[in-house]
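For clarity, chains are labelled A, B, C, D, E, F, G, H, I and J in written order, and residue numbers in each chain start from 1.
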Amino acid sequence: MMTKADVTEMIMEKKRAGGTTWAEIANMAGLGEVFVTSACLGMNSLPRDVAEKVATGLGLPQEAAVVLAEYPKKMFDQAVPTDPCIYRLYEIVGVYGETMKELIQEKGGDGIMSAIDFDMQIEKIPNEKGDRIEVTMSGKFLPYRSW
Amino acid sequence: MMTKADVTEMIMEKKRAGGTTWAEIANMAGLGEVFVTSACLGMNSLPRDVAEKVATGLGLPQEAAVVLAEYPKKMFDQAVPTDPCIYRLYEIVGVYGETMKELIQEKGGDGIMSAIDFDMQIEKIPNEKGDRIEVTMSGKFLPYRSW
Amino acid sequence: MMTKADVTEMIMEKKRAGGTTWAEIANMAGLGEVFVTSACLGMNSLPRDVAEKVATGLGLPQEAAVVLAEYPKKMFDQAVPTDPCIYRLYEIVGVYGETMKELIQEKGGDGIMSAIDFDMQIEKIPNEKGDRIEVTMSGKFLPYRSW
Amino acid sequence: MMTKADVTEMIMEKKRAGGTTWAEIANMAGLGEVFVTSACLGMNSLPRDVAEKVATGLGLPQEAAVVLAEYPKKMFDQAVPTDPCIYRLYEIVGVYGETMKELIQEKGGDGIMSAIDFDMQIEKIPNEKGDRIEVTMSGKFLPYRSW
Amino acid sequence: MMTKADVTEMIMEKKRAGGTTWAEIANMAGLGEVFVTSACLGMNSLPRDVAEKVATGLGLPQEAAVVLAEYPKKMFDQAVPTDPCIYRLYEIVGVYGETMKELIQEKGGDGIMSAIDFDMQIEKIPNEKGDRIEVTMSGKFLPYRSW
Amino acid sequence: MMTKADVTEMIMEKKRAGGTTWAEIANMAGLGEVFVTSACLGMNSLPRDVAEKVATGLGLPQEAAVVLAEYPKKMFDQAVPTDPCIYRLYEIVGVYGETMKELIQEKGGDGIMSAIDFDMQIEKIPNEKGDRIEVTMSGKFLPYRSW
Amino acid sequence: MMTKADVTEMIMEKKRAGGTTWAEIANMAGLGEVFVTSACLGMNSLPRDVAEKVATGLGLPQEAAVVLAEYPKKMFDQAVPTDPCIYRLYEIVGVYGETMKELIQEKGGDGIMSAIDFDMQIEKIPNEKGDRIEVTMSGKFLPYRSW
Amino acid sequence: MMTKADVTEMIMEKKRAGGTTWAEIANMAGLGEVFVTSACLGMNSLPRDVAEKVATGLGLPQEAAVVLAEYPKKMFDQAVPTDPCIYRLYEIVGVYGETMKELIQEKGGDGIMSAIDFDMQIEKIPNEKGDRIEVTMSGKFLPYRSW
Amino acid sequence: MMTKADVTEMIMEKKRAGGTTWAEIANMAGLGEVFVTSACLGMNSLPRDVAEKVATGLGLPQEAAVVLAEYPKKMFDQAVPTDPCIYRLYEIVGVYGETMKELIQEKGGDGIMSAIDFDMQIEKIPNEKGDRIEVTMSGKFLPYRSW
Amino acid sequence: MMTKADVTEMIMEKKRAGGTTWAEIANMAGLGEVFVTSACLGMNSLPRDVAEKVATGLGLPQEAAVVLAEYPKKMFDQAVPTDPCIYRLYEIVGVYGETMKELIQEKGGDGIMSAIDFDMQIEKIPNEKGDRIEVTMSGKFLPYRSW
């Protein structure tokens, strides 16, 4: 039975062979780079029609579109990630997590930023002292409520 | 010996008593909210003159300014944070970490976004379907190099 | 500086001395038992006026009302709880978690039940084969979305 | 030797191919959705005659009915689940576990809610501010006893 | 506020000073040794009248009886115990756990032995090849049920 | 090379096919149920002649008898077991471990109950309030000694 | 209430002040260095008369002798020790553990070396290529038995 | 590519088929039992000529000698071993580790016993009260030094 | 799809068959030993032209060069490494980590040594008291900054 | 009883009050910066006469010199360090650990670099593209040996 991991491997093989970029795959999908990449890595589900566009665009078998549209089980095995690029993000949460909570709650009251009703953009910003990566996250503010 | 934890508690007491906000403390400091809050929570060091402005502004003893200017040991005891507001940030790294790595590296080559040469802003954006929290991170791109 | 743990201990002392029940404290608050109990245990914040009613009703010092109204940092130290009563709840999530995900998503599409926009009731239901505990949880369905 | 994991995969394949829902499989079984789904996922055993109805209804080989009726070893590998939908349930136990224990014991005396003599229902409740998921659990109250 | 740990320490001090045995304390209580010892160690609650007999018998302050009768939070911090005497018990569960499950379920069907509706005796049995410790546990069989 | 896990799987297949019980296999062996079951699950070694009786009785290949007689490496991967039937046993050690140590040592002096020179019986005891499982463990008392 | 940790600290203070060695304390006790040191560190109990000799010899209060004679709870908090001197011993178990099991069982049959009926000596052996530490352990062979 | 694990399995198969003992294999090698066994289990490297003698003596393919001579990566997956025979060794380090450090350092100054420049013997010593296992370890004393 | 692990295995096989050293492979690459070895072990990416030289020099298939040039996911599975050679390095970080931080920050102000803009050399230095290994690390100093 | 942690705190207080640097303290000691700093942080022992020079130079009580000369127990509590400056060093061990092992063993045969007979220097090297930190480690090569 074809799994999301199988489809991710197929896509990685297409990328290696054809030099296709995530930006191009996002273009096929007509959706944002972060969302489409995460779906191709098995961490989100594509709407069925978008899945078909991606499968067709990359020349994947028909079942791959079905799989891309299935709801994923989001598993991350490393509680503390080891890859330096991902660890830096984890470290930011460790170092700034309480700060972020203080400021989110000062601005909105007791509540959280949703990670479900959520989107993100990632850009490289040219800079003469060294280029920078800019990450923009936007999540719905969800207030706790009394009952 | 006065510690950063002692100073954080003093600041929290001032905030409780006087209703002072992080925004007002950042104002005293003349620096950004995220940075000043993280320094008051013991996760960053303030430049000495900034530390004095904060200590004076809040009516803290003189030694508190020295402590705010000392280099912190950044400890976060929970490998997986339990507070829902902070966990959601951790979850974003878990779910989107590999996606972020793919896109950072597609845009910049093999490398990482620095968590040291780094800054962050947090805003609440009014929205009729429910207000949103927007987090913007910017970190220098550091390429791996061959040697 | 008075902490939420201090206030919890004060309330437990009042309960021991006076035999006050959680039901009676919820009554003072005019809110539900689960919510009020969780706030008294330091896991939720009471609206300021409700906090004052509880503090007055139990004969706590004025600062306790301020503390009950502060936004909590929700910490649970045991990733796997050891108390049998709490472990059984953890076990239910372990045994039925994937089942619950399958059914939530079959009914609502790819998404989750919110633990923030959430409420819960707990009742004892008399039963001649042995009384039963009934727990009812209600959380807003939050769909993942494409972007 | 055919395992419960093998049977789960067969059922998932049937669902993908035929669009069968858990509700329809529960219907074949003549039992509740939560119980039947958990048995199909390998976390409970179906009575032998029910297992045969499910195997026949889905067109599975005869041995699958034997396997569905075998007593499972209930393994959950992630002490802290990472899938957001399941994590929220875990978080509820973390945040409200002590509250639930306080109230169960206030209502019934020193004891627990059984996770064995136990049942659960899950419904989606339409709501104009956003649909809600309602989970109802019922477990026998088991008192500790002196001896 | 006097805690169960405080009362345990008082009892240990009485035992050290007076050479009182657990058997004698169980005698004061009129209940079994295992149950009374576990309650004195803070892992079970004594019925109120029994608690008073123990407190009086040992010359403890009146509040100690209240505390002995309170419902405990059962915490065991070492997931894997290190004391050799306790580790051997843990090892028995590790080595024989699946065996015990196989036999409990062969004898009773799919179900468990309750650890709540449960009692235990411990005896030393003289034996010329070396004395033996005999532990007898009895727990209600709880069958899983379909619903 | 045939492993103990291979032999366990063979035995489980015979049990599924022929409805053989552990009691019947223990009968073939002429030894107790707990011991024989644990050896069939790979956690103990059968004496060579007993191993041959079991292999013959179940119709296993000759090498299986050799394997059943080999000394096992006793591995249990879950430090905290998740199956409810096994977890309850673990919980008993967690809740009553210190109690058991206190009583073993009050009766025998500083020492332990051996888990090596050890045996166990498991019975289902009919009871009108609900059948009970009775577990009897007997281990040699091993005193610590000075040197 | 005086604990074993308190007595250990008293002994360490005496050692620091008076330059007393473990060898001298073992001499006072009339028992071996390893055993006496381990008892002074709280990991074994001294016979009552030996405890009195040690307490008198070191000038400790009378209660210290009672405490040295009490049965310890053996706790070691670091599952993996970090001190290099202790880690090397742990590493030897990790690297040679299976080898030791193979040889113990080749020589004695299925069984173990007891850590309870056990003694140990530690000597420094002069050697012109660099002195060596020699550790000799002797434990009773305990065979598994069938039942 | 043939691995050390492959060679270990080959040797175990030869031992099962031919009843060869570790003592006989050590004899083929002309080196000590502990060292040769550990090398056959993949935890040490044999000198090339010794490896050839072992491979020839056991009738292994030529590549096995190459593999036995390769430098191992010493992996032990269980931080806390579960096999009772190996756990007892781990327990000895836990219970006596600090004692051993105290005595090594009292005899030699601040330093450690090397686990690299190290050897070990294991013998069974007949004893009428029950045979004993004697383990002798010898490691070079490595002093810390100032610089 | 050929992975970095596949290529590492190919290289190890070439080394075993041909006796090629890391120094020779570094020579083919025209880069340093540490960097080239780490890339061959899958922990760094080689520039494309360098990867081709290595693949050609070792007689690997063309796809191997593509794989060697891909950006790695740096995974290290053991939080605490067990191999003695690697553990010593980990221990140095544990023992000297805070020291290194103190000195790096005394020399450069609040900041870190980059592990990305980083290089390392390893040499064996002959010494009549026993040869020494010399490791030299150089990483860019990255100061924290206020914003 | 004065502990190494007490002495570390005294030294940190002197540094805060008097602006003394580690370089100056190393000067008082007449030994290297890394070694002296690590001893002041409680991770190494100073020779007695050196300890007295440091205590005198910093104006510490006499007992502090005794404590600085005592052999430490090297404890590092965080298996994975969180401070970014220390984490980078840990990451280097994770990423390059196997590489370092390969090269140490290629240059010296099967063996390790000692962390005991070991020294280290840390320098800041001015560089117009950004200053660099240079760390040089030197440890005795310890070969494994056959026996």
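Convention: a contact is a pair of C-beta atoms (placed from the backbone, for glycine too) under 8 Å apart; a residue touches a chain by one contact, two chains touch by 3 or more.
Just so we're clear, the structure is a prediction, and the values are computed from it rather than from any experiment.
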* Reaching subunit I from subunit A through chains that touch each other, fewest steps -> 1
* To do: Please flag the chain sitting at the greatest distance from subunit B, going by CA centroids.
  => F
* To do: Just send me the rotation angle from a CA overlay of subunit E on subunit J, rounded to the nearest 5 degrees.
  => 145
* What whole-number Å value describes the gap between the mean CA coordinates of subunit B and subunit G? -> 48
* Structure fact -> Between subunit E and subunit H, the Cα-mean centres are separated in Å by 42
* Structure fact -> Multi-partner residues in subunit C (2 or more other chains touched) are 34, 73-74, 76, 79-80, 82-84, 91, 94-95, 98, 101, 105, 111-112, 114-117, 142
* **Chain pairs in mutual contact under the definition given at the outset** => A-B, A-C, A-D, A-I, A-J, B-C, B-D, B-I, B-J, C-D, C-E, C-F, D-E, D-F, E-F, E-G, E-H, F-G, F-H, G-H, G-I, G-J, H-I, H-J, I-J
* Which of the residues in subunit B come into contact with subunit J in the complex? -> 1, 66, 70, 73-76, 79, 115-116
* Asked: Across the complex, what residues on subunit D touch subunit E?
  -> 31-32, 34-35, 44-47, 50, 71, 73, 98, 101, 105, 109-112, 114, 116-117, 119, 142-147
* Structure fact -> subunit D residues touching subunit B in their complex are 80, 82, 84, 87, 91, 94-95
* Report the residues of subunit A in contact with subunit B in the complex, numbered from low to high. => 21-23, 33-34, 37-38, 41, 43, 74, 76, 79-81, 83-86, 88-108, 111-115, 117-118, 120, 122-125, 127, 129-142
* subunit E contact footprint on subunit C (complex, rising order) -> 9, 12-13, 16, 78, 80, 82-84
